[in-house]
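What follows is a group of structures, each given as structure tokens.
The same subunit A turns up in both complexes below, where it pairs with subunit B and then with subunit C.
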Partner chain A sequence: MGAAPASRDVTSYGMGLAAPLALFFLVFFVAPLLQLFWLSLHNDTAGLHWGLGQYLHFLTDPFSLGVLGSTLLLGAEVTAVCLVLGFPIAWLYQRVGPKLQTIIILIVLLPLLTSVVVRTFAWIVILGRQGIINATLQSLGLIDTPLKLLYTQFGVVIALAQVQMPLMTLPLITALGRIDPNLDDASCSLGAGSWRTFFRIVLPLSLPGVIAGCTLTYAAAITAFITQSLIGGGQMLFMPMYLYQQASTLQNWPFAAAISIIFLVAVLAVVSVFTTLGRMSRGYGGA
Partner chain B sequence: MSGRKRTLEAISFELVMTVIAVIALLIIIAPSLVVLIVSFTSGFSLRFPPPGYSLRWYVELWNAWQLHFAAKNSLIVALWATGLSVALGVAAALAISRSQTLSARLLDSLFMSPLVLPALAFGLAALMLFSLVGLPVSPLTLVIGHTVVCVPYVVRNTVAALAQLEPTLLESSAVLGASRLYTFRRIVLPLIRPGIIAGAFIAFMSSFDNVPVSLFLRDAATDMLPIRMWQDLEGKLDVTIAALSGVLIIATVALVALMERVTGLSRRLTN
Partner chain C sequence: MIMNRRSLLTTALTLGAMKAFPGLSFAQARPLVFATFTGSWEEAHKAVLVPAFRKANADAAMVLDPMLSVDQIAKVNAAKANPPIDVMLHDPGPALVAVGQDLVEPYPVEKSAYYKDLIAEAQEPMGPAPFFQVVGLTYNPEAVKTPPTSWADLWKPEFKGRVGITNLNSTLGTGWLVEIAKMRGGSEANVDPGFKALEELKPSLAAVAANPGALATLFQQGQIDISPGNFNAIQILKARGVPVEFVAPKEGAIAFKTTIHIVKNSPNRELAFKLIEAALTPEVQTTLMNPPYLIVPTNSKVTMGGEIARVLAKDTAELKKKFVFQDWKKINEQRSAWIERFNREIKI
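Right, the complex of A and B next:
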């Protein structure tokens, strides 16, 4: 008697426990972002004149638009590389024994937990003019003059892909683990080859994981300030550095605020596109 | 099994996937290994392979007081931010984990949003707020900023641990006459502790390594280690930084191994 309401009572906790964090977020996360938005709606540095001047400036300036475009493109390239390299890792993970599984996970985790400056620094050592790649190619006599790898788009994409790989691989491993292995066998015994089974069965069923991984990787890649600035060098400017320069070096806070808001909106737009795709893919997977 | 034939096609598929996976795993670990090896060089430059091996740059590191100062600051801020994240995050996770209400789902997205929003934009926003209310940049502002970006890890891992908790355990405890608080202390907390520890560990590592938020919320008195390293690297390629990186890599590997034993970190992050 009365067991049902009582049991609901003991297994859940009141929403009041979330109040301290909710309050903390309102004061130190939501309020600052609202203030950032408010400041971005001012035309002058002192914040006295209202207007959309900062946004108009950004959206009519080919330089600013170029920075936004190259940042979004960078995210797409890094995400693609992470997917192509990360999927086979997740696939291999499902095929090996428990010991190797732990080793694979720990290898994948390592970059997530190593300092980002250290990881980036390593790529400078590898890609530099006298770095490993150039030194090896030269000693093999394949090239005469060192290749320019550092401060190039290629260098930034490779370094970022390594840095963000766990964000792609972990959701993929989870998603692949949820697929019934019998489906794979069924497909093969019905005459589909391995490649066909992979593209028609495994890949579609793992779409929720693919989308989760892509969302995290994309958001992390376009906001990766340190790797972008150290591997990209002075020649390549992406949104985070643009924002930082305007705020810190030029003290142009309203314009920096507008850049931040545009950047935020861009990230949110990409994330919501991925989330919508994710919802559709779950429906597809369940069908 | 299906008696699948090992056709050429099946072999080609498995070969391609395995080769890509192995290359990807090599790409993931190679940078750490390279830095580790280079840090033991006896020379003055970051050549690979090094001309000879010595511990000279680790000795040099011992005397680099600026790096010590920055490391101490980073450590203190990371410990405070982790503590605050655990206190606020675990309570919030308890509230939202078993609730299907709209408010619980909204709070969940709110608490997770620092993971996808650009941290640099948040850093700038926080600096504006603090300067508006007249709170000068200090270790306190750093701790607050770091807590916002670290709390999602604690919430996510605690929610995951709570989701695996059998509700019947709580019911039996209640039926046997235990109070809510007693049940929490003796049943819930011990069972979700590995999840909380894993979340706290990731929160600590990400605070210790944070650049985008620290960049705006620190001054010369609160120099932070990753920023110091970043600025050193922009100027010159210093072998001392390689030695410091070596220390950080070894410490990370040791901590990850410890966490794997204590919390089963690898399983926690794939479930």
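Right, the complex of A and C next:
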């Protein structure tokens, strides 16, 4: 594998340099994944009888499918919020002076420097019955009884959007930075208004960043066990908690394995939709 | 021996692998590993049990590895032949699972100096119970003026939107469901009345916490004012100045035996036994009974005092009268079905 041929063609590279990493992935990523798959193909918790029972159980159960559906939907909502809020920040970043740029990048990066648990607890303080939002609204006399914000889908989406925001903003900043500012001027001088310029020039050219940001945010949001369970509470069930419950509390490893494989496939499907969209958009951008 | 690049790499990889998988090493010389629970348990064991064990055993090397019962079982299950843990701590449900999966050794009762002093309920041949956890009603005395007296008080209209519970992932949540089922004519084998009662409780629920720890946070945030709760968990909040009180309901507070076990195939069997012995001594149990830990003792030679005597029981006889012990063997048979049912039915 690693041995270089005696007479070397300069255009071919020896696999030797990639081998350690390939080996690492093989041992610590592919092998456990195969083991997981193998485990999921058993009908009983002891792992003695082969069969597709766990998959059938999941895929024929409206409740399980509902959990999968609501998790995928949650990811879509968080991604949408992140995109809508993140794009203007990234756009602004490209149009302000270096001093403001430093401040913006600091604000964007700051959440990454705090633990997810701390950030999530902060949201509990903000959204709670006696939290900042409810206290403010009550003192302004806008509401009588506190709004229920914590333990709602709304609360989970907002908290997750804040937690995952850097994953959206950073790729967007990079993508927008690659666009030649002269294109804007050219578009204007040819008579396009600023909205037209945005939709025909800036947005298509920034699509690689949008796709990258969406993929990262989506994947992070649907697997965010801590934020989902702390803000969503014990009655709102998403895939990571479902998996944990089956694996840890119930020790039903084959079913938990099947859940993770199904979840993995579902996420890969969504991600490949994103990439397909990206490829199609490149055609559109080039047209 | 000539050191070339390849042999150096092999050595480095082997050493790395041995570090990552201690089971690979040939000579077993690791310290005693004691898996305790996180939070107040870890604090109590680090401060009281570990020093007592070290003092009695010439500073033997040991490590505390705090994690949930279910995670302990998963870890030991994954490496049965050479377990990474020597001593496990379990709530009644997981304890039966661990025993059922053949992960623990019988306790060497005949060798033990303290086993016979334990109250009958704590004498478990597969692993004695050095501690009890007690579940009753917890409430915020600033918001709830008349202290509750019964589980049924949670359904009172004045607590609409103020009640917290946990889901059935925890021993607390499951045990409580069984208790309200019993209150309405059910039993460990029939929790239907309990689920019906939960259905009626829905309008009152402010939150379903994902775990008992989250329940404590809810009191701190003023999100809930009353809930079924753990006596020990409440003590920590109280010590931090959170207005919260505990009462044993008139139906009886639920007592969970917390058992301690020697893991099967443990390379440190002798030290594991000595650690458990230390946990059973009247001295350790007395210290743990006092503030700030307030852990209910199981050694009948310990005289109960302080907050425990005031709120729970002043002696073993009263303890047995006031506490309810549940049949976890029966509960475990159906627990996964109940968790599924709770997942489906309890949406607020």
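FYI, the second predicted complex is superposed on the first by the 264 of 287 C-alpha atoms of A that agree within 3 Å, B and C clash if a C-alpha of one lies under 4 Å from a C-alpha of the other, contacts with A are read in each partner's own complex, and residues count from 1 in each chain.
Keep this in mind: contacts are C-beta pairs under 8 Å (C-beta built on N, C-alpha and C of every residue); 3 or more make two chains touch, one makes a residue touch a chain.
Keep in mind that this is a model prediction, so the values were computed, not measured.
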Clash or fit, subunit B versus subunit C on superposed subunit A: clash
Partner chain in contact with A:65 - subunit B first, subunit C second, else both or neither: neither
First, second, both or neither for A:230, with subunit B first and subunit C second: both
Greater subunit A contact set [subunit C / subunit B]: B
First (subunit B), second (subunit C), both or neither touched by A:56: neither
Touching partner for A:107 - first (subunit B), second (subunit C), both, neither: first
Partner chain(s) touched by A:247 [first = subunit B, second = subunit C, both, neither]: both
Contacts of A:130 with subunit B and subunit C, given as first, second, both or neither: both
Touching partner for A:17 - first (subunit B), second (subunit C), both, neither: first
On subunit A, the residue positions that both subunit B and subunit C contact, one per complex: 121, 124-125, 128, 130-131, 229-230, 247-248
Footprint of subunit A on subunit C - complex, ascending: 68, 70-71, 73-74, 77, 97, 166-167, 169, 173, 206-211, 214, 217, 221-223, 335-336, 339-340, 343-344, 346-348
Of subunit A, residues touching subunit B in the complex: 6-7, 9-18, 20-22, 24-25, 28-33, 35-36, 39, 84-86, 88-89, 91-92, 101-102, 104-111, 113-126, 128, 130-132, 135, 158, 161-162, 165, 170, 173-174, 177, 185-186, 188-189, 193-195, 198, 215-216, 219, 222-223, 225-226, 229-230, 239-240, 243-244, 247-248, 253, 256-257, 260-261, 263-264, 267-268, 271
Interface residues, subunit B side, partner subunit A - complex: 1-4, 7, 9-10, 12-14, 16-18, 20-25, 27-32, 34-35, 38, 45-48, 87-89, 91-92, 94-96, 98-99, 101, 103-104, 107, 110-111, 113-122, 124-126, 128-129, 132, 144-145, 147-148, 151, 155, 167, 170-171, 173-174, 180, 183, 202, 205, 208-209, 211-212, 215-216, 226, 229-230, 233-234, 237, 241-242, 245, 248-249, 252-253, 255-257, 260, 265-266, 269-271
Subunit C-touching residues of subunit A, taken from the complex the two chains share: 63, 121, 124-125, 128-131, 150-151, 229-230, 232-237, 241-242, 245, 247-252
